[in-house]
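After this come two complexes, each holding subunit A, first together with subunit B and then together with subunit C.
Coming up: the complex of A and B.
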């Protein structure tokens, strides 16, 4: 009997102590540790290594390298191809974000209403987002290719000859932007749909009683109350567009030369093919800076516009 | 209005999805040499009781060749039940994988150096000079894998002896002799294009897989700068070369384009469509290795494909071949199983195994006195006296220049670079890479 008494006396005391410990801020801070460790190993360490490599002439595989100061950054900023690639990256990032959000919002507004086939259409619009971007790139390559591409077959039927759409740097950059927009506008649509469904019907009823037109209701109720969804969608699309890689690799491989390359594809080619890891790392840091500045600036302005319901 | 907009947008999404699914690449089947998802045949070979497992990475994906490697390794593990081999094949990502492994200083026990035994992999490789096969390396390959101190870097299973592959029947049909000079090559191309009514465009290059463009520039750099009596070899090696002298090489590529002798979609064509185009007689000449022949024969089994040396580009010079490593085996110097790895190399160096790999790959063996018999054997015998020069970039350009050749060539064809700018860019990049 004695051991039983000990157990019943010690049990509640231990449990209480455990509960208190679990609720204490110290314990909560310890819980962050695994996540912090993973962050340190997979994010912070590579980031600082990348920063370090950008000051070297490392070829990407040898055990030997030299520190060369800011030479890679000087080369990067004076290289006209890098200027083209920065402009391309901005087109992919800002262009895709603009169109994904405008078309995504239109789809969301259309599909927010009750109607036949609404779910079916939502699925159709969202399907491209679940396809791997590299596969999406190849699908569009087969549509656009010079010999036997479906779109070029149509062009040939009207113009009498195919057009090298993917080989022309004045066109292929925009095609890549359109493909990226097409693929991920379903994501924007879903974000807006969830935002729209969170807006209370009372606002619309009140506005209707006051005689507000459809446009008035959209700009004075829907749009302001969608601001949080807009912020999420814009930031997600911006980051995705500025990091664009797979679609470019499948459609043009960044070519001709680096004419349609993004910072990501150029960085990859400089590191592996050109064995210029130092310059590739500088480009990586530039991309980090670009994404951070654009995202934070957007976030700052969008947050200011947000209204709480 | 709303309803029609709704259905219009739905239709637009559906149209793109389904047209993408139904569209096809021109010409049907693509390369038989594997591609990204080919059955690679990678895996562990040997008894489960083996005490030692060797890791081995090979830069091929061609099915017949991977089978030959597996059979040889299988024979080795049966003879040596204490050793098993983890054999991995890859071709598309091989170079990048190896670069990452080198950076981590963690390499496979045995691996393929695919042309870069000395320059790229040299600092990681064991010295194989005392191996029984080392003295048997052919005269054309010995210096390629041996340094001035006598260190032997790799066992060369097969060596490259590359010129141009061509459609034999097509040249006969149009009454064209195998071109011996670049001008004859251009004239032959013009004749073929004209007499085929434009159905055949003699050359096929790919801007997306821009190594085909780099290959052209690399292979024709030798006839322009190296193989003639008065050549630039010394100047290139000493760093005193006047880079404007490479402008005619860029110009030659541009000439082919301007004369309409390169596929019109050069900037966006894919390398994987070349075998189908060649099999459909849309292309006459191909600057590729012999493995290409199997891909063509899968589509057109009876097509006769010949091998010719590279035409000369300087008056008075003779045609030549470009040579170097093709399939090799080297041993990581820090391998924990150096002896076992060397033993496996000795097994590969047996005459019957060397002959098997040579016959399957249609490349000359890297060791002397190996008897072979394959489709290209008559051509290698016919051109036995033709001089073989190492690939231009592997001797005269610093490591890292291959991509510059490929990208600059593509920019040239896209009209984004002039031949003069091409030379200037080559000069700048060579100087940058030579400083390292």
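Coming up: the complex of A and C.
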């Protein structure tokens, strides 16, 4: 093959400057310009504009505003409602991630090789993940509502009276976390299943010859080799949970007050209902910082663990 | 014998899991088909098929218009994602100069940033340039925020295409650009199918962008139409259930028919990390 190329290049064909330019790698970079332009206009420009807005007292619609320094950030960090909302966001993000991964892994082990109809069960577990989260919120509303909710029918049968599952700030945050876990559990399961299928049978055969117990095999073969799958699953679930919006909007709208709000829904309400655009922008920046720091540090530690094994 | 016992236990637990997970959808069905005057528990399946909820939901939430809007936005967005995504991925996969590595980093870093964090400036920007309530504006937003995933998948896929193919095309005198369109593009079919399925699903399901940027009744997508309905008529549970069922059915059907592509998309992330 090689000599052919040389012959062609040295052949009688005229290699003008234009022609050489057309073949150079640099000329290809035009191909990513449309994508880069979109990123610049719809992500990077608004991001920097958002930094500026967070230093103003802008109300979101008028032309008038003043620069007020870091007042919004001070107001945000001293507001106890914001503290609750940050804790809620962490419950939605970290809580869902924990349960999605534990249950997702158990399901993957259950549905990997044994049992009849396991493909059917996988489909059932995964279907919620492809339904719109806002619709998933409405579906759960039918289960959780105070009057005539499906779950309250059962509670009434045992306790004699329904329980205010969505209105009580002590429980609704956890319920929202469970609904999000239920919806995206299937994603974790699928990631683990594809991870399990990548593990060679030879390891298990060798372990069997050495007389390793089932537990031993799981902790010394399966789990370490699932590390890349675990990383992907954790990062995906973290990002999904920390930005939770739709399910909250459907079930409690963040209420009562901001008791079950996440940073996303609080920001939305500050902007559209309270006309506090400056504070909303600061909250957006806080959310950006929180998600970036949490996902990058987890990524760093998970990757390091992958390498050491 | 031990093997058979294990199969039975796994099957029983598996079916139990499926049963638990299907409950919300069962409730959705009973509520959708139940006459509002029927006060029986949501657990009880109506002994009749009542279609009044579907008709009311379709008319009152203007679901015909909403389905059309959602369909147009989904198709246009996915088409642009495929074009811009595959174009961008080619130089990034083939010519890993320092500059291109940076550009790749810029694209992939946006995987972490949720669009909501820049809601305030983005909304202001949309009002300023008159993109509110337009197909054009929302499509460009969807394209921008889904491009990262497409570029990520296309770049790693092109990386697996042997370079000998490029060289053969060069011998035949193709320019680099021509090479992309004639040699590489036809080979992208499998990964393109995955990207189409994943993006179409998430754009079809989108609520946040549509809620913020499509506020006129005429431009509403399905999710926004249903949510405005929920606010005004939270007593009309049957209508909301019927509307939700209609909105969810296309996704569920596509998933059941084309499961492979959904799983491939997730698996790609799991292997590459």
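Please note the rule applied: the second predicted complex is superposed on the first by the 276 of 309 C-alpha atoms of A that agree within 3 Å, B and C clash if a C-alpha of one lies under 4 Å from a C-alpha of the other, contacts with A are read in each partner's own complex, and residues count from 1 in each chain.
Criterion: a contact is a pair of C-beta atoms (placed from the backbone, for glycine too) under 8 Å apart; a residue touches a chain by one contact, two chains touch by 3 or more.
Remember, it's a predicted structure, so these values are computed and weren't measured experimentally.
Touch criterion met: A:121 reaches subunit B and subunit C at once.
When the two structures are aligned on the shared chain, A:150 is found in touch with subunit B and with subunit C. In the superposition on chain A, A:29 makes contact with subunit C only, not with subunit B.
By the touch criterion defined above, A:130 lies against subunit C but remains apart from subunit B after alignment on the C-alpha atoms of chain A. Look at A:229: by the touch rule set out above, it reaches subunit C but stays clear of subunit B. In the superposition on chain A, contact of A:257 is made with subunit B only, not with subunit C.
When subunit B and subunit C are set side by side, the one touching more residues of subunit A is C. Contact with neither subunit B nor subunit C is seen for A:105 once the two complexes are overlaid on the shared chain. In the superposed pair of complexes, A:140 makes contact with subunit B and with subunit C alike. Within the superposed three-chain model, A:173 lies out of touch with both subunit B and subunit C [touch as defined at top].
The interface of subunit A with subunit B overlaps its interface with subunit C at residues 60, 107, 110-111, 115, 117, 121, 124-125, 127-128, 139-140, 142-143, 148-150, 182.
Every residue of subunit B that touches subunit A in the complex is listed here, in rising order: 2, 5-6, 9-10, 13-14, 16-17, 19-27, 95-96, 98-100, 102-103, 105, 120, 123, 207-210, 264-269, 399-400, 402-404, 406-408, 410-411, 413-414, 416-417, 435-436.
Subunit A contributes residues 57, 59-63, 66, 106-107, 110-111, 115, 117, 121, 124-125, 127-128, 139-140, 142-143, 145-150, 164, 166-167, 169, 182, 252-253, 255-259, 269, 272-276 to its touches with subunit B in the complex.
The touching residues of subunit A, when paired with subunit C in their complex, are 1, 4-5, 8, 13, 22-25, 27-29, 31-32, 34-36, 38-39, 41-43, 45-47, 49-50, 53, 60, 107, 110-111, 114-118, 120-121, 123-128, 130-136, 138-140, 142-143, 148-150, 153, 182, 187, 190-191, 194-195, 198, 228-229, 231-233, 236, 239, 242-243, 245-246, 249-250, 264, 267-268, 271, 277, 280-281, 284-285, 287-288, 291-292, 295-296, 303. Of all residues in subunit C, only 6-7, 9-11, 13-15, 17-18, 21-25, 27-28, 31, 39, 41-43, 84-85, 87-88, 90-92, 94-95, 97, 99-100, 103, 106-107, 110-114, 116-125, 140-141, 143-145, 147, 151, 164, 167, 170-171, 173, 175-177, 180, 201, 204-208, 223, 226-227, 230, 237, 240-241, 244, 247-248, 251-252, 255-256, 259, 262-263, 266-267, 269-271, 273 touch subunit A in the complex they form.
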